[in-house]
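In the two complexes below, subunit A is the common chain; its partner is subunit B in one and subunit C in the other.
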Partner chain A sequence: MTRDDAGEVEERTFAVDLLTRVEGEGAFTLKVAGGEVVDARLKIFEAPRFFEAFLRERSMHEVIDVVARICGICPIAYQMSAARALERALGVEPTAPLLALRRLIYCGEWIESHALHVFMLHAPDFLGYPSAVEMAADHRALVERGLRMKKTGNALIELLGGRAIHPVSPRIGGFSKAPSRRRLRELRDDLARSVDEARETVRWAATLDAPSFDVDYTFVSLSGERGYPLESGETILVSGRAPVALDDWGDASPEMQVPHSTALHARLADGTAFLCGPMARLHHHAERLHPAAAEVMAEVGLERSVTNPYRSIVVRAVELVHAFAEALDLVEAYEEPEAPYVDAAPRAAVGCGATEAPRGLLWHRYELDAEGLVRDARIVPPTSQNQARIEEDLVALAPTLLALPHEEATHRCEQLIRAYDPCISCATHFLDLRIEREGV
Partner chain B sequence: MASDAPAPGATGRPRLAVYKLASCDGCQLTLLDCEDELLHIADRVHVAHFTEMTSLSDTSEPFDVTLVEGSVTTAEQREHVRHIRASTKLLVTIGACATAGGVQALRNWRDASEMLRVVYARPEYIDALATSTPISDHVKVDFELRGCPIDKRQLLELLTALLTGRKPAIRDESVCMECKRAGNVCVMVARDEPCLGPITHAGCGALCPSYDRGCYGCFGPHEAANARALGTWLREAGAPAAEVKRRLRLFTGWSPAFREESERHDEG
Partner chain C sequence: MTGERGDGGAARVGVIALGSPMGSDDAAALLAAERLRARGLDVFDAGRPGPGLLDLLDPARPVLVLDVVRRGVAPGEIVTLPLEALASAALPGDGVSSHGVGLGDALRLARALGRALPRGVFLGLGGASFGPGDALSPAVEAALDAYVDAAEATARELGAAE
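Here is the complex of A and B:
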């Protein structure tokens, strides 16, 4: 469609060929003609890496090391979802102190990932800078605070896991080695200071100007017995619908291949696009937040059901408070476990497991043979689940863009995509698609 | 020798670029994980291209130093890496993907079209090469940093050395040496844990043995690695051929030393 003689049908395309300040490689196009959206695509062209294929015939003990490499930003999420799925297949349950350590290392990952996103990837959008480095020239204290918090999260992971990226200690049944109480307690001061800094972050994020835009979301989040959803859960909550048992999630949200993406798209079986991640967790579990997080949330007047994606930065900040405060509690209460892991004998079995990655629900399913070799693996990462929702948000956003200058409209789309904290390496399980680049 | 330092760009600071190919982003994230140093680095170098960190991209003139993460797995990446080489004075490849093909090189032993079908129902949408290969298979590389992921201390040492024009102090030795310095008891002796430490390049600080498990070789072989001797030893200690092969074929399995030895245990 092009402009007709009378100039009535005007076509506009908003596009970015390479998204920046996101994890991995993607692009988007939003085409509007005569006021109607004719095309909205989040294009993921990250080269696929075929994890599910080469997990086959690996030993069950190697799975946790291998799946970490799907994503450098949330390796622990992959390790923990795999550990849950394998333990459920093998019929073993780590002891309570080991499960507490899992929550603790997972808090470290939420901190590291959320602090990275809030301060380095997302904040520059609100304050008008190309990156946190330029932002630091005018807002040095803010950027330094973000880096300090991120460092505390990484220090926690390093102590428990050996290193911040692709930690080596998580294994089936627990950890290869558990930290000493003394070493862990050395982190207390940093964690306590960080709880305060995270509270400050919520107050600051709540003052940021968000474009007005609201969506009637179907929120999806894990639910388990232990607190705010994190390292385990047996049920998946879907707003406005019946909960789904963990083992049924693969059928409840089938993944589909679309021509413009190397990531698979997941939707509910009836085609509904849904949202997972911080906003969905808060919607379903606000009453499970740590009191420190609940208090500051009330103080800034944040509602539990945030429907404006541009305000996800505030929700992430609330989760930062939660993660620091819970980590501090776990450190205080820590008793060294008798054994760092519970042994698991191989057997032919199938197991599903899910955890809440910083970006949302991460579901795994493994089929093992009697020797403990993987016969089949399936991984559904948060970003492939959010992808369809991002595209529908772009469609909904379109009418508000037409009156804006082109550059500003394009930036608003990019900012929306960034608000999801998409993790493109995760979403790409996976292959390279030829991208048709529409001439703009 | 200051004369070896890269000539500064127009901003008066050396120009740094960061690119990725097929990878997990973990190695470039290592740079953002330098929380104490990041703002100082940004004061001293001009980050001219680094999509994960900044929306600015200044490709107007050649880069002084370019860090590349990831392996070559598509025809497009093969072109891209040539283009990167042509636009930089020094090319540094970072991590197991970039220096050895990474975990995705496991496809190199398999039928790639079968791999595609396992993940994608409609493989015709996808363009992927049959192999995942290190960048040095395609273009000249000036320096390689090992690891999956790279080690932060080694990265800082390398950047400092390149910026001041001296030789990076990165030792080519085995993980065993680091284990000894850390005062670890050998996991092979104490726990009967198979360990790739004797043939693996140092740099992690003997992480796995310090956490009571055997090294899984994510830094790849060191120069003088005798993979054959270790493979033989593991077999004699009772490990089945399939297991020895699997252990060698993980994050750096496509490195020549690990590849050759793993193929020796291929039972067909």
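Here is the complex of A and C:
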């Protein structure tokens, strides 16, 4: 409140928070004719497109620092996908210890992101609270567990990345600096405790009642040459179809501009909408899970092909167990590399690379000139790949919304979108549901 | 955050700057942070930390939080609020993505968990342009010097009261 010259009190509303980062709030429009849904459009804002232009004419060595700023939650994913694409263009292969460090820092990001989603965002939907803030009053131990897990993930990222938020150490060929064995081993106790807490989280998540809603998914995931897919992969797996070479993914999954969103929509070449992310990874790679994760998955009776998006909370919890357990193994086995990175000489080339961001496949393509300047960049984030799938699911949900009060209908839509944990670049706080009724 | 240098006690204050360097005016607090660091303040560029902000708040140390304000403030206008007020206000925050957890959410979450908040101040700068880009709007560009001075003065006041 401020007081003007006349002494009158003027009330003002300040919208701070991440609303400073909102370009256009999320909007979901249903078009209804004759009592039937005829169109559904989810409008979101997508930042990576700006970064593609921003990267042009910049040095290849700047790319990894720049893309770290695309997202505050998953900077490692952007950095790792960029690194792999540039390394494939330059003919560089990091040494085995450096690749292990990459898996380790990526585990940190999965932990941080999944813990945030499971405990802070998705749990309130199941427990009947509008948000984690209200839930915390009644379920303090649950929220504190989530924050504890997230903090352990942050500690991994900070130690390997130099900063917990927008890390600076990852670079082409490895890291600017590798951690000492002693520093890394200091994390063992927290990781070991977290494996147990993550197991408990799977057991808890498996008891939650999910609304009935099953989808015939086409699952898309990176191949897993080095285990459960994380920091690299040479092919992209599509359920029911032949694998696609990494370099061919841009053609196999063309992106389309749609008038209602700044985000491009990706579909398979025949128009099929597909799903990437935790459920797709589990479908393709359940046998590659860490034994600790596989055991608890079997214990709760979770199938490898989960087709109800609301049950993604259980899958994320299983991936939390995997990430903590693999991180602990990597820390135990860690030997300091002889050099923190492998040198890369510039050359004119094109390279594609992909990794598995917490919310799904993240594909990059860079064209470099002989001096190592970026001539062209393409960044395809998981959300643009999942958006067509989300819209189709919303259409399937829509008939049940029409008879509901507006607020409840909006909440139902938000719940479904939330189940996919879309990366909307810190853009969407409120879903603005509009139902347009033709002929009314 | 650590640091005991500086004059007037300002260095006893932890300064947390939020924003994105690629978000047009959203970069203003980060740019201010760079200048404050050059003046000897202990500044942390937190970017968009989400609930990670909780880990940056030390109840024993006063904190100054810098961010750009989107609504309710004219572009280039500087506003000051006690941190407590942000923790109490019904700010928007519940989202559909784990990417949408903000300052108000983090502070309210801390309170709901019974965690003590540090004594602190939020210093906001009204923004005009929030689309992708690395250029400030003229109004924010023109106000940046005053914003930096206000931040230093606020940090000094916070530090002096310790």
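Rule of thumb we're sticking to: the second predicted complex is superposed on the first by the 376 of 440 C-alpha atoms of A that agree within 3 Å, B and C clash if a C-alpha of one lies under 4 Å from a C-alpha of the other, contacts with A are read in each partner's own complex, and residues count from 1 in each chain.
In this section, contacts are C-beta pairs under 8 Å (C-beta built on N, C-alpha and C of every residue); 3 or more make two chains touch, one makes a residue touch a chain.
Remember, it's a predicted structure, so these values are computed and weren't measured experimentally.
> Just subunit B (first), just subunit C (second), both, or neither: which does A:220 touch?
neither
> Applying the document's definition of touch, where does A:154 land relative to subunit B and subunit C: first, second, both, or neither?
In the superposition, A:154 contacts both subunit B and subunit C.
> Just subunit B (first), just subunit C (second), both, or neither: which does A:417 touch?
second
> Contact-wise, after the overlay, does A:50 reach subunit B, subunit C, both or neither (first, second, both, neither)?
A:50 sits against subunit B and subunit C alike.
> Classify the contacts of A:117 with the two partner chains as first (subunit B alone), second (subunit C alone), both, or neither.
After superposition on chain A, A:117 lies in contact with subunit C alone.
> In the overlaid three-chain picture, which partner chain does A:344 touch, first (subunit B) or second (subunit C), both, or neither?
neither
> For subunit A, give the residues common to its interface with subunit B and its interface with subunit C.
Comparing the two interfaces on subunit A, one with subunit B and one with subunit C, the shared residues are 18-23, 47, 49-51, 54, 66, 69-73, 116, 120, 130-134, 136, 140, 143-144, 147, 150-151, 154, 164-166, 425, 429-431.
> Give every residue of subunit C touching subunit A within the complex, in rising order.
The contact residues of subunit C facing subunit A are 18-23, 25-26, 45-52, 54-55, 67-73, 79, 81, 86, 89, 91-105, 108-109, 112-114, 122, 124, 127, 130-134.
> What part of subunit A is in contact with subunit B in the complex they form?
18-25, 46-54, 56, 58-59, 62, 65-66, 69-73, 75, 116, 120, 124, 130-134, 136, 140, 143-144, 147-148, 150-151, 154, 162-166, 168-169, 171, 175-177, 257, 259, 262, 264, 340, 425, 429-434
> What residues of subunit A sit close enough to touch subunit C in their complex?
Result: residues 12-23, 26, 47, 49-51, 54, 66, 69-73, 112-113, 116-117, 120-121, 130-134, 136-137, 140, 143-144, 147, 150-151, 154, 164-166, 414, 417-418, 421-431 of subunit A touch subunit C.
> Which stretch or stretches of subunit B touch subunit A in the complex?
20-30, 32-33, 35-36, 38-39, 42, 47, 51-57, 70, 73-74, 76-77, 102-104, 106-107, 110, 114-116, 118-123, 125-128, 132, 148-149, 204, 207-208, 210-213, 216, 218, 243, 246, 250-251
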